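Labels A, B and C are assigned to the chains in the order they are written; within every chain, residues are numbered from 1.
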Amino acid sequence: MLAFIAKRLLLVLPVVFAVALVCFMLVHIAPGDPLVSVLPPDASAQLAEQMKRAYGFDRPLPVQFGIWLWKAVHGDLGTSIASGRSVAEEVFRAVGNTLRLAFLAAFLGFAFGALFGFTAGYFRDSWIDRVVTIISIAGVSMPHYWLGMVLVIVFSVQLGWLPAVGAGPGGWAWDWDHFQHIILPAVTMSVIPMGIVTRTIRALVGDLLSQEFVLALRAKGLNELRVFKHVAKNAAPTTIAIMGLQLGYLLGGSILIEFVFSWPGTGFLLNSAIFQRDLPLLQGTILVLAMFFVFLNLIVDVLQAAIDPRIKRG
Amino acid sequence: MTIVATDIVRIAVVDKARGYWTNVGRRLMRDPVSVLCAVVLILIALAAIFAPYLSLADPFLGSMIRRLRPIGTPGYPLGTDELGRDMLSRLVHGGRLSLLIGLLPVVTAFVIGTTLGVSAGYVGGFVNQTIMRTVDVFYAFPSVLLAIAISGALGAGITNSLVSLTIVFIPPIVRVAESVTTSVRGLDFVNAARASGAGPLTIMRVHVLGNVLGPIFVYSTSLISVCMILAAGLSFLGLGTKPPQPEWGLMLNTLRTAIYINPWVAALPGAMIFTVSICFNLLSDGMRSAMDVRS
Amino acid sequence: MSEADVLRQEVLAPVADVGGPQQPLLAVRGLSKHFAVGGGLFGRGGVVRAVDDVNFSVDKGEVLGIVGESGCGKSTTARLIIGLIAPDKGEITLDGEPVGPALTLRELRRRVQMVFQDSYASLNPRLTIEETIAFGPKVHGIAPAVARARAHELLRKVGLDPSLFADRYPHELSGGQRQRINIARALALAPRLVILDEAVSALDKSVEAQVLNLLLDLKEELGLTYVFISHDLNVVRFISDRVIVMYLGEVVESGPVEALWTDARHPYTRALLAAMPSLDADHRTQEAPISGDPPNPIDPPSGCRFHTRCAFAEPVCSAEAPRLMPTGNERHAAACHMVDPASGHSRAPVASPEIQHAI
């Protein structure tokens, strides 16, 4: 097992490197001189030259990448043009809000997805199955930013039960003042993973139940609860893989939801970075989110190998 | 020769053989959900294409005194938007750009992704490794993040958002194309064709493409729904279409503040995105089961 | 165009005999194929000796059976002969012409054809039966109309009515019908040698018998030669004139079918025969049935590869690899120290008569 983890860790290094390269290149695929983006519009030629050297834009690209990567590894993601603060600091402040939102949404999505999926798979072709299938297809087809708007219309504008925007006063705390703000965005975000987890588990459970080993278990006289335990055990590895991937998508895909609810997370940060052409901030935020995604995938792989004897650990 | 006539198993109904795709079409037509979705999509597409000839109100003409009228206002069946423009006309006209930016990236990605994936699968070796490892890098980003990152770096604009969406959808299509091709290449009918003395290009044309295009196509259709949502999402963030162009995602953005005045008009463009997206999803599911020849 | 005209087409006519009946149709010398396996980023790679220095020949008009457990190299040998995979070493000679500059791969594949085990996977699901059979002739430049006529003619030959089957797709047919199509496809280029790789193994017993009879009829009618690969000894005995037995990539025994059945010399052959189910009490052998799985082919045993499972193994068996030695009977040879008088094995024959050339 330790050897497997070590091997996966080693294999993840080239991916991390390539991801960093893509993030680095983002600044350079941007139209125009990357320097323009770090300069105030009224900068003098002298300042331009100074900044060019300060940012290292006069060096060849591979050297620039090397320097950038070296700094990034040491936690220095550059300076935000808009705020003048360090990018690492900005991202660090926002990422907590994104993680809270993503984990809560994931929890909701996985819990309901698992419930719906198991029920539908267990009662295949019943009316429950049909209702659940419709819900899950609607879930994966939903423009979730629109769902967010609709929920705001219903629960904030019309019923007035929950706040429409923001994360509450001051920093985050686990009290009702703050928690009521997270409900709508979390529910909105949970819809897609709920749909996908439902679909996956429904198909898995349906397949497993039609297999012979289940017939054998029933023939052995096992009660349905025990049969269910066997099925759940067999469905677990795939389910965990899907869930890990979905959690990653939530972390990276929260930008639209954060925009709708003005949620002060990384997505909101990203949005302002894009419209203020704050490329260092854009680059840094995306790098951090992509790294979360890469390491989440790594954890999922290891977990899967730990619980599924069929995956070779050599 | 002594082959007995009883060997010949006669099939009771002599079914006139049809082409493979004709059969798929016939099976699809027997599925009511698929037919309904196809009809809805065709109606929306036709309305969008022929929007200028439908004698609708001018989608660009606003009126300061008729802003945000509710649904059902005489003369404005679906109300008016925040600048007093006719919602019905804007929704119909909006279909043109929305459908285009939802479909074009997938079509382009299908062409590029299939070429790359089939080459990787059929040639194997170094070509395969180069293509597939590059694709792996793009898998290290969640798709929404990747689309927004590229779009954001390139700057707002419809071309840039088309480019970024195409880049997002190429890697998954390459993966599917590669795995399907690799498995088909290993089948014995390809070996039999090689044993007949056929060259690689002939085998590719006659035996490989016909068997891999179907699965890749169906997989790609399942991406259209995602692309519709993402494309409109980019516009919603202000990264795609620019005002005053009617486009569902952008309309949703500009109507955001109107939810306090006339919420249901503000929600209309999203309902369109949802309808189109769910129809593509169901149609893709229907096609998948219709293509299973053994069912 | 009449059927006779179709047959007169140059490509579709059988290739004329060169060396006369005495010259073997196919001669395989020193054929070897090793596959590298594993060897990932950190794993230690190994080499599977799928086929290791295999020699045999096939006479014109005979049926040569190849038997052995799965993984013994039967199918790899078949694929090597027809050039689907390239051999590492060895020479393949067809009617005196060695494959290479003298006989191109394309030309070889016109003279040697193959029927695969999986009747479904070996037919392109997107092509009609007619298209599948006509594909080979078309590749060799036959006009589409002629190729179609050829396909219809072959369908009749394998006992399927063209008017019912030509326009059908593989998934509409039964396993036996599909295997008849595969046979027709193999015959489309008028080959001299047909390799049947487990061609009837996946069929029901009743269908299997029909297809075997069809194969024998076609052989008679078209003057074909077969290499018949199977793990089913009953079927091999029924159809073959001569048999070779393979174990872990090597030929361990070869000989006429009756000699092998009545006087098998290699303990592996005897174990295989003993493992055959028999209802006849008189035919029950006292031979120890074979036990266990074949050893890991990545790391084959030293000396005789069978010594790990052999009841008569002695030190010499793990020390030295036995060569294929004639047993005294005509064309019967076995690679076992118990056959070689000079081996030092306690059960080896004492006196050595004139040593004949192996096979």
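Going forward, a contact is a pair of C-beta atoms (placed from the backbone, for glycine too) under 8 Å apart; a residue touches a chain by one contact, two chains touch by 3 or more.
Computed from a prediction, not measured in an experiment: that's the story for all the values here.
Per-chain Cα mean versus the mean over all protein Cα atoms: which chain has them closest together?
B
State the pair of chains with the top count of C-beta pairs in contact.
A-B
So, comparing C-alpha centroids, which chain is the farthest one from chain C?
A
If you average the CA atoms of chain B and of chain C, how far apart do the two points sit, in angstrom?
For chain B versus chain C, the centre distance works out to 49 Å.
Quick one: report the Å distance separating chain A from chain C, using the average Cα coordinate of each chain.
It comes to 56 Å between the two C-alpha centres.
Return the distance between the CA-based centres of chain A and chain B, expressed in whole Å.
Their C-alpha centroids are separated by 24 Å.
Would you tell me which residues of chain A are touching chain B in their complex?
Of all residues in chain A, those touching chain B are 15, 18-19, 21-23, 26-27, 29-31, 137-138, 140-147, 149-150, 152-153, 157-158, 248-249, 251-253, 255-256, 259-260, 270-271, 273-275, 277, 279, 282, 286, 289-290, 293-294, 297.
For the complex, which residues does chain C have touching chain B?
79, 82-84, 105-106, 109-110, 113-114, 116-118, 121-128, 132, 135-136, 139-140, 157-161, 164, 167-169, 171-172, 174, 177, 182, 185-186, 188-189, 210, 214, 217, 221
Considering only the defined contacts, which chain B positions touch chain C in the complex?
1-4, 7-11, 14-17, 20, 187-189, 191-199, 202, 206-207, 210-211, 293-294
List the residues on chain B that touch chain A in their complex, please.
136-138, 140-145, 148-150, 152-155, 225, 228-229, 232-233, 236-239, 252, 256, 259-260, 263-264, 266-267, 269-271, 273-274, 277-278, 280-282, 285
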